[in-house]
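The structures come next, written out as C-alpha cells.
Both complexes shown next keep chain A, but they swap its partner, so chain B is in the first and chain C is in the second.
Entry: the complex of A and B
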C-alpha cells in the first residue's frame, strides 16, 4: 500500500503554511485564499474522479454553498467565517445527498453532462430570480471570526487566508485518510471495473454516492470562501465556465495525490495572475498552453511527478526469480 | 440430498437466438460439475443468469431453497454464489494484494470504513493467505497490469473465493494456459479452493480437464441440456461426441 505523510506531520504543515501567511505580501494573501478555496472544490472533484466519474457541474454546489451562506448572513446576521464555512458545506452536502443517489447510476460522459445540465438549471433559475438579485446578485457584509471584527484590510485578508488554508488543509488530511481507507480502495476498484465490484458484494452506486456527497460538501464550503472573499454573489457561481475552472485544477493535479491539488491550484492562480498582468489580451492562451503542456508531459497530472517516483522506489526493479518462473510457466 | 442450486424451466432468448431453453438442473453439495458445449451453446448465459447478471425470461433459480432469479449480482454474491471470469475481471492498476483486499472488504458484513486503512492487518493477512494458497505470494505487491495472463486468472479465482461461497462458478479456469501447464494449474486451483468451496461448477472446453476433475458433466447444445451424468458416460454419448466434443475424449 502506498504510504504518504503521517497525519500529524500534515497538521504541522498546515500550521506552518498558515503562519507563513504572516510574512506574505498582502496581494499574495488574497491570491492564496482563492487558490485554497479552488483547491478545496478541486479536491472534491478528485475524490469523485477516483470512482471514474468527473463532474462538470460542481458550480451547482459551489453556488448552493455561496447563496446559502449569503442568505443566512443577510437574514440572520451570521457573519462568523467558520460558521459560514460550515453552513456552505451543509448546503452543498444536502444538495449532494439529494442528487447523488440519482446520478450515481450514470457513468462517463452521461454523468459529466448531467452534472453540467443541473448546474445550468440552477444558473438559469438564479438569473431569473429577482428575489436573489437576478443576474446582478447581491452583496454581503465583511466576515468576522469568533466575535472579532477585522477593519484593517490586511488583518481581514489574513483571517480569511488562515481560515481557508486551515479548512482546506484539514479537508486534505481527511481526503488523504479517505484515499488510504477501505472506501478509498473500493473507489479505485469502482473506477476500474464496477461490475466486478458488484460481484464482490459491494454497491458501486453507494461508493459513487458517498464520494459525490463528499465532493458536494467540499464545493459548498468552497463557495462560502469565495463569497467571503468577494463579499458578493451572483449566478456566475453556477455557470459552466466556473465549473470548468475547477475541473481544470483537478486535471492539472491528477487523481493520485492530495498535495498535487494544492500545488495545481496555486500554479493555476500564479499563471493566471502573471499572464493577466504581462499578457492582458492573451492570458487565456497562456493558460491553455500551460494545460496542454501538463497533459502532454504529465498525462496523469502533477501528482504523478512524485507518486511515480515513490512507486519506482517501492517496487522491485525486476520480478524475483520465483515470480518470473511462475509467470513464464503460466 | 437437498441441492445447493436448483434451476427449473429456465428460458432466455436474445431476439431469435435461444440461449436457454427450459433448462432444469440440480447441483448437489460437494459436487464438481463441468459444463461443456460448443461456443454459443448457452453455458456462460447459464452462469450469468445464476449469478444475477442476466435475468431469465421465465423459470426459477433457487439457492438453498431461496429464489434468487431476480436478484442483482451483488445480492447473489452476498447469498453465497461467487464466480470467476473467462477473461479475468480485475482492477489492473491495483496490486494483487489490493485486489484481494477489495474482495475481503466486500465480504465483510459491515459498511466500508472511511478511515480504516484499506490493507489493515487483518485484511492484508487474509489477502496474503489466499494468494499463498495459489502460490502467488511473490506477486502480492505487484500491479495486475504487470502480471501474466495465467497469474491474473489465479488472482481472479482467489477473489471469488474470499467469501467462502456455497457455490463457486469458474468460467474456463484453464483458458489461456499452455497445454503443458493446464493440469498443474488446475491442480493448484482445486487444491486452493478445497478448504472454502465444496461445490464447484466450471465451464470447460478441454475434455482432458473435464474427465480428470469433474465428477459430473452437463453438456449444452443450443440452450438445452444434451446430456447430464458422470464424465465417462457423457463424454461417450454419441450426441455429445457429435455436437460438443467432435470426437475428443
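Entry: the complex of A and C
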C-alpha cells in the first residue's frame, strides 16, 4: 500500500472489486470468496507478525468463530450473513482477549509453539465432543442477507462473495490505518527491540496483546466466512496444518503491504485448485518449494516487489552478533 | 493393583517410542536452535522405509528377524543421508536469519516431505506386520502382551542411555555441549560448529526415523502420520524443557502414561456418566 493512497480511494477500489464479481464466472466466485476469507485471517497474522511473533495457531480462532456461528445458527436460527460474520468476529475476539494477555509474554518460537498447542487442544476437544459431531462435524443452512434468502446458487455465491470481499476490504483499510498509526509503528518497534520500547514508556506486552486480539477478531470472522462457504464445519478448522496454510499466505505476502496479502491469498487458492485438478498428490510439494523460494529470494514477501523505495529507508532487522558469528563459522 | 500395572506397562510402551522421537527433536533444538516442524515427517519417512524393507525381505521368504535387522539398517542409512543433505543443502542457508524463519523453512520441508511420501508410497495404508510376531506373546501380571512391544522399552532405554553417555562422558559429546551452551565461544576455541550442526541434525533425523521404523510393525502407515506425531513430540519436549535429554525422558513417560490412563479413564467416565 503506497504511503499516499487515500482511504476513500481504497473504498472505491473495494466497491469496484465487488461489482467486478458480477461478470466473473461462478467457479471463480467461490474461489475468490475463499481467497478473501483466507486473506482476512492472513491479514491478522501479518498484523501480529509486525510485532515479530508468528502465530501457528490461528486455527484456534478460526475454529472458534466457525463453531460459534454454526452453533448459534443451528440453535437460534441466525442465518444472516453479516450477523454471522459479526458473531464469528466476536467469538474470535473474546477468545483472543482471554488468551492474548497470557501469551504476550512469550516471543519467537515459544509464541508460535504456544499458539499451536492451544489450537491443538481445541482440536482434541472438538474431535472427542460427540455433541458437536466429533471428527465429522455438522452442517449448517445456507446464509441469507437482510431477510432475503437466495435460492439461485449463483446469486447466493455472489452475495457471499460480496460480503466477504467488502469485509476483507474494510479490514484491509483498517489495517492500513493501523499500520500508519502510533500503535502500528510501536508494533514495528517491538519487533526490532522490545526492551527499548519498554524504556520509552510503552508496554510491549500491551502492544502485542492488542495486535493479538485484532488478529483473533479477523480470524474469527474468517472462520465465519469459511463456514458460510462450505456450509459444514469439522475439527479440521483447528488442526495445525490449517493454521500453517494461513501462515504460508502471510509469509508470502510479507509484513509491509496490505494489498500483498490479497494477492498472496488469491495466488494460493489458484495454485491449490489447479494443482488439485492436475497434480492431486503434489500440490503441497509445490507449496513447500514455493515457500522456500519466497523465504530465500523475497525475504520480505511479494509486497517488497512494489515497495522498493521504502526498503532503502527501512532496513530489516540487522543480524544479531550470534547470527553474524554463525555466518562466519559456516 | 493389576489395573494400575496395566496402565503403567501400556504407558511405558507408548513412552518408549515417543521418547526416541522427542529425543531427536530436543537434540536438534538444543544444538541448532531450530524447532523442527518436519521432525514428524522424518518419523513417517522411517516408518515407510521400514515397511518397504520388511516387505522386500518377506517377499524373499526370509525369516522376520532378517526383516527386523534389514529395516533398522536401511532406515539408519537413508535417514542419516537425508539429514546431512537437508542440513548442508538447505538449512545452512538460513542460519543468519531469524529463528522464526527457520521454523517456516522446516514447515516448508514438512510440506514437501508430506507429498514425497505420498508420491513414493501412495495414499493407501501400508502394513509391515511380520516383525511384530518376532518375540511372541508374553504373559505378565495376568495379562498377555505382545513381546515386540515389551522389547521396545529396553531398546528405548538403551538409546536414551547411549545418548546421555555420549553427550556427558565423551569428548565429542562435551564439544556438542559446549556448542549448546555458548556457540560463539566454541567457535573461537576452534570447534568446527558447522560439522557439529550437520552431525547433530542428521542424528536427530536418524532418531526420528528409527522410532518410525520401530513402530512401523505396530501401525498402519498412511498420510497424516507425520502431523500427529509432531504434535505429541512437541508436547513431550515442552514438558521436559527444550533441549534436555532427561526432560525428554520424563516428558515421554508422562505423556505415555497419560495416554494409557486416558483409555480406561474415559471408559470409566462413561460408566459413571452414561451418555443419553
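Definition applied: the second predicted complex is superposed on the first by the 305 of 330 C-alpha atoms of A that agree within 3 Å, B and C clash if a C-alpha of one lies under 4 Å from a C-alpha of the other, contacts with A are read in each partner's own complex, and residues count from 1 in each chain.
The definition used in the following text is that a residue touches a chain if its C-beta (ideal position, glycine included) is under 8 Å from a C-beta of that chain, and two chains touch if they have at least 3 such contacts.
Keep in mind it's a predicted model, so treat the numbers as computed, not measured.
In the superposed pair of complexes, A:186 makes contact with chain B only, with no contact to chain C.
In the superposed pair of complexes, A:112 makes contact with chain C only, with no contact to chain B.
Note on chain A: of its two partners chain C and chain B, the one contacting more of its residues is C.
Touch criterion met: A:283 reaches chain C, while chain B stays clear of it. In the superposition on chain A, contact of A:178 is made with chain B only, not with chain C. In the superposition on chain A, A:7 makes contact with neither chain B nor chain C. In the superposition on chain A, contact is made by A:296 with chain C only, not with chain B.
Overlap of the chain B and chain C contact sets on chain A: residues 319, 322-323, 326-330.
Touching chain A in their complex are the following residues of chain B: 51, 53, 72-74, 77-78, 82-83, 89-94, 98-99, 101-103, 105-107, 112-120, 123, 135-136, 138-139, 141-142, 147-151, 153-154, 159-160, 162-163, 177-178, 181, 184-185. Residues 35, 90, 92-101, 103-105, 107-112, 114-116, 118-119, 123, 183-184, 187, 192-194, 227, 231, 234-235, 238, 275 of chain C are the ones that touch chain A when the two sit in their complex. Of all residues in chain A, only 52-54, 56, 108-109, 112-113, 116-117, 120, 130, 239-241, 244, 247-248, 251, 281-285, 287-289, 291-292, 295-296, 299, 317, 319, 321-330 touch chain C in the complex they form. The touching residues of chain A, counted against chain B in their complex, run 1, 177-178, 180-186, 188-189, 192-193, 195-203, 207, 314-315, 319-320, 322-323, 326-330.
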